[in-house]
Amino acid sequence: MPVKPAFETTIDHVSILDENGGFDEKLGKGLISDNDIVTLYEHMSVCRHLDEVAFKLQRSGRMGTYPENRGQEATSLGAAYALRKTDWLVSCYRENCGLFWHGLPIEYVLLHWMGDERGNKIPDGVNVTPLAIPIGTQMLHATGIAWANKYRGDDNIACTFFGDGATSEGDFHEAANFAANLDIPVIFFCQNNGWAISVPTKIQCSAPTIAQRGIAYGMDCVQVDGNDIFAVVRVVRDAAERARTHNRPTFVEALTYRLGDHTTADDARRYRDADEVEKWHKRDPLIRIRKYMADRNLWDDSREDALSEKTKAEVSAAVKRAEEIVAPEFADFFDSMYASMPAELRTQRGTRRTSSLGQDPSQLDGSNVSYPNTQGVNA
Amino acid sequence: MANLTLVQAINLALIQEMEKDDRVMLLGEDVGANGGVFRVTEGLHKRFGGDRVVDTPLAESGIIGTSIGLAMNGLRPIPEIQFEGFLGPAYDQITTHAARFRTRTRGALTVPLTIRVPVGGGIHAPELHSDSPEAIYAHTPGLKVVMPASPYDAKGLLISAIRDPDPVIFFEPKRIYRAFREEVPEDEYTVPIGEARIVREGEEITMISWGASVIQCMNAIEESGRSIELVDLRTIAPLDMDTIEASVRKTGRAVIVHEAPKTCGFGAEIASRIMERCFLHLEAPVQRVAGFDTVMPYYKLELEYLPDAERIGKAIAEIAAY
Amino acid sequence: MPVKPAFETTIDHVSILDENGGFDEKLGKGLISDNDIVTLYEHMSVCRHLDEVAFKLQRSGRMGTYPENRGQEATSLGAAYALRKTDWLVSCYRENCGLFWHGLPIEYVLLHWMGDERGNKIPDGVNVTPLAIPIGTQMLHATGIAWANKYRGDDNIACTFFGDGATSEGDFHEAANFAANLDIPVIFFCQNNGWAISVPTKIQCSAPTIAQRGIAYGMDCVQVDGNDIFAVVRVVRDAAERARTHNRPTFVEALTYRLGDHTTADDARRYRDADEVEKWHKRDPLIRIRKYMADRNLWDDSREDALSEKTKAEVSAAVKRAEEIVAPEFADFFDSMYASMPAELRTQRGTRRTSSLGQDPSQLDGSNVSYPNTQGVNA
Amino acid sequence: MANLTLVQAINLALIQEMEKDDRVMLLGEDVGANGGVFRVTEGLHKRFGGDRVVDTPLAESGIIGTSIGLAMNGLRPIPEIQFEGFLGPAYDQITTHAARFRTRTRGALTVPLTIRVPVGGGIHAPELHSDSPEAIYAHTPGLKVVMPASPYDAKGLLISAIRDPDPVIFFEPKRIYRAFREEVPEDEYTVPIGEARIVREGEEITMISWGASVIQCMNAIEESGRSIELVDLRTIAPLDMDTIEASVRKTGRAVIVHEAPKTCGFGAEIASRIMERCFLHLEAPVQRVAGFDTVMPYYKLELEYLPDAERIGKAIAEIAAY
């Protein structure tokens, strides 16, 4: 047969709790207990409030650039909920909700955006990597981390988060290709939020779905409603199972939306329409869960009020911890450069100078130096 | 003649060259409707349309690699890399291809390309938004590397870069994007690539710098009250050694100031050349006031990292006393 | 519907002239005239003989490392035949046959492997780029070249060739993604020859086909028998039409095999079985065409003998031209660095020195330099 | 004690460290069944199996990026990049991640990684198989850069690199992979990173080099008949400035020899440091005998490009006469 099919495939789109409150019992039953959905909702509310507070902190000069997560809380949280604490989360910068669930204290994220490396000094036993600034680069680390787990023969896996734009980077391709061809237990979780700063998704991927990126690697791939935490939990559980038992990676495309600006340095009104934003406000994952809980008498206004008090307290405590940390010192950016500090670096640290006469004032002995200000060489 | 910021001067140069030569086109991340994250390309998408001002996928190697093809096939692409910290993914295309095509093909295929890149620290930005990799590209034969320190030079150098038949990396010091304004002629003019500028003359010491550090030098010089000759390189590669040599032969003392880490920074090349060319005229070892040999710290400590008037002033005092 | 298909697709495998001589009239009729198939066969024979000669040249120290093309002649030739001379071929290093057909003189390829940049000094009007040594990097240039054609509004396109291994590089991903999302008229032609030096294709792509890499970009993709020049011509014609009229890229996977070592520096017996090679010898594209021509009385032994005389003459003439070129000079590697030579470079060229005293002997005036050999500073 | 080539010495070091520590694993292109294109990993796949000696997809950023993850999660990966010309695609992962994780996380996550890379010219190879990018990585805080010039040092330095808690780029000068043999102890030993070696002592001139150029220096020194102290850096970063300083204070004259282009080559850093530390002891400007500021030519002309005994000899004669 001169023309015969060489390959055929289909990609599923999964949805359980839709924006009108419709719930698919078949897929959704028992997936998340009533207790847990409440806890998850409370957790999401904290992140939502954190965005508000962080935004104000930035505007009042108490924090640098900050990327709101607003609207995307269900994605990383659903994934984290479906995984084990011993699994690794390798994230970008819009996954606060999942990272906190996995054990990262809130103040770490604040410190990061406050320009303080101590926000990356992940506590022992919390299996997350620091926020990744260079887009697309962290998926390779996730692949390597998961590979090390497989090498040691434990059954922990890694899940890496990234945006639609990140799938345009070569590093994404290499990470997915390594994972698929070397059988590495990692989940590639794409948060397709419609935009990469001002660039719409179609410039990053003009295919009908981003999920089909995975087909290139012979990887299982699936598209999910990212604002539906039930659906996210479902697909990530399946992916985790596949990884744990068969070392097979999965590509997950979660359809979601960034309700805020790209970061506090951005003004999204320059490039996107208000009605698009409006449309997605209706799909807000928090609204959806609230309706789900209300329908089942798990939630009411009084509980909501109580929660918002609790949330405020939790967030402001975290802000307090972040702002009360002792100021970093000059020496701090030297002391973690190497396990043992090279001589030249020690000199630079000790003298605060790179110039040779400043580093070795003995060369000036005899000559009298009159400094423009009162401080001495080693000041 | 208008009073412009560095951002406005670059924007003006882009408009004028695009008006003049329809082979000139822009591509990069967010350069279109958004006008670039620093608004350098503000209004260009509206003015010249989506074919000449192109928002690309988020892929730096792709931006430079396709620009090489565009340039080899007759256009004058001006790709933007959003921050110098994201030049890394494009490093291979820049060094193995953009820099090599002319000599690899003995002139048959050339790459007239201008890569615009915001550079340097001091703006309170996140990680990898504050580095100074100019020495990396100065060590790459086949490239030209430019870094203006003023709006006037920015416009004139950018026009020269766009018209240059070879690949140019045009670094834009983001710390001075809007730090001050300067009279910038409306009409077209060029500042030649490869010529340093004597910012102020002096007899005692020669100070050599580029980019945003030039202002730090000015402040230090004023505080010092000494007669110091300040040379703004403007072009890093090819280096204008004649201007430096003439000055150092006069002063006998030289201080180099840059943001990049000291070790293997471009200051090392300048110091070596000064020794090679002015050995018998040197009255003191050439001093390098540079970034420390550490990773650029997050912003809480970035001002401790960057050479400032105080550190420069100390070096001045020391070399004068030597 | 909670689980609904988000995407479905099929990829075709195309074959016209199979290894048993079977020919599909429906697809193949009139595709290549009798005259042309003879010419194409003769052209392939030249390349085949060139491999033999080049191999000997390398072994006898008259040429550096050389990569045989043996077994893959039909792929690049079929593509070049299906394109216009005004289109661009952006190749790797195993496409001699297509490059020569497109107008590149044979001695250019010889000079390249003889360590002489003049082999890259492509004659005016020949739209090919020089052989690309860094794997995977040239597809981006093809995309840019085709983009420039589109920008100017002419309808010439580009076709870029690369191996199975090259599809693992991030640059491949970025090139395909740019082409698909920005509608650029370029053909991605993958020569899947089963190996990347010693690494089998499944390590580069564990998916059922490499063709499906194209699905990631929403690109048309097709798999073709790469040793069947009719099938190659067919799919590349279709791809070219798609590019010319709709600016749409196509991904073509051509199944072929490298019958020789990776290069003259390689010994394929270290990593692959003799019977695998045997199997592919039977699929040799030249044997196949010879049978096709013989069945149609277009070919016989006497013509074969005449051809081999002609071939020998043509190749040895090319070798002669390559070997008789004047030796390159020191200055040559300076003179094309920039359109106008910077001062330091001029000094280095003039003095043949990087050291300052060698560059400026005036600094030594008075002092007497006794050089270890008879040559002076500027020797 | 066996008489080994540099290739054999590296192979031996790999075997011994893999025997000793099962966290050590190799990955790269053709490192498995094929034993590497230079046969450096010959026999290891058979001996340690496919889980510890892994043929990866053809993707350098992937090789380094996954190695970073492997290292952060407790292993000691030794990725191989097949030629230095193909480090480019991995440049971003090396400089933005491998070099930064320790300080970025204030020590919480570290990257004990040894990147093996054949380096340099002189073997008649195709384009991009003959470059010398060591200065690029020496300008990257957070990395260590090593380049042995002998089989003995190769084994000892590689073992140190593998055990080092920080990322090390281990450059292997391919021109001397098999150029000569040397007694290499069978038992394990280390050569510390950061310590240069005095190859031969001398009084008149200090010559500093590394990698394959060290032999060129030896030849030139013998031809010159002068008393020249030859320092083989062995480690480029961190630089062993004390050894250099002690020597130059004694001789007052220094010549640096390397294959990389002169401008911004590592010689510039050494020359500057010598001036900074030995200013009053210098009797002549430090000389740099280096590659020219051009792209490394194809092999017909590569010997014209590389510093050889003749060019080095001239520099010796000149600096001695100064």
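First chain written, first letter: the chains are A, B, C and D, and each begins at residue 1.
Going forward, contacts are C-beta pairs under 8 Å (C-beta built on N, C-alpha and C of every residue); 3 or more make two chains touch, one makes a residue touch a chain.
All values derive from a computational prediction rather than experimental measurement.
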Item to complete: Could you run down the chains that neighbour chain A and chain C together?
Response: B, D
Worksheet item: If you take the mean of the Cα atoms for each chain, which one ends up farthest from chain D?
Response: A
Worksheet item: For chain C and chain D, what's the span in angstrom between their mean Cα positions?
Response: 34
Item to complete: For chain B and chain C, let me know how many angstrom lie between their CA-based centres, rounded off.
Response: 38
Discussion item. Quick check: what residues of chain C touch more than one other chain, meaning two or more?
Written reply: 117, 134, 168-171, 174, 177, 181-182, 203-204, 332-333, 337, 344-345, 356, 363
Fill in: Touching two or more other chains - residues of chain D
56-57, 59, 61-62, 85, 88-89, 92, 96, 103-104, 127-128, 141-142, 237, 239, 263, 276, 279, 284-285, 287-288, 293-295
Discussion item. Please classify the inter-chain touch graph. Allowed labels: line, ring, star, complete, other.
Written reply: complete
Worksheet item: What part of chain B is in contact with chain C in the complex they form?
Response: 25, 51, 54, 56-57, 59, 61-62, 64-75, 77, 89, 92-93, 96-97, 102-110, 141-142, 144, 164-166, 194, 237-239, 241-242, 276-277, 279
Fill in: chain D contact footprint on chain A (complex, rising order)
88, 90, 117-118, 120-122, 129-130, 134, 137, 140-149, 151-152, 158, 170-171, 174-175, 177-178, 181-182, 332-333, 336-339, 342-345, 356, 360, 363
Worksheet entry | chain A partner contacts - residues on chain B that touch it in the complex | 29-30, 32-35, 37, 55-59, 61-62, 85-86, 88-89, 124-129, 220, 223-224, 255, 262-263, 284-285, 287-295, 297-302, 304-305, 310-311, 313-319, 321-322
Worksheet item: Mind pulling up the chain B residues that touch chain D in the complex?
Response: 61, 85, 88-89, 91-92, 95-96, 99-100, 103-104, 127-128, 135-136, 138-139, 141-142, 237, 239, 260-261, 263-269, 271-272, 275-276, 279, 282, 284-288, 293-295
Worksheet item: Along chain A, where are the residues that touch chain C in the complex?
Response: 2-16, 24, 26-27, 168-174, 177, 180-182, 202-209, 211-218, 223, 231
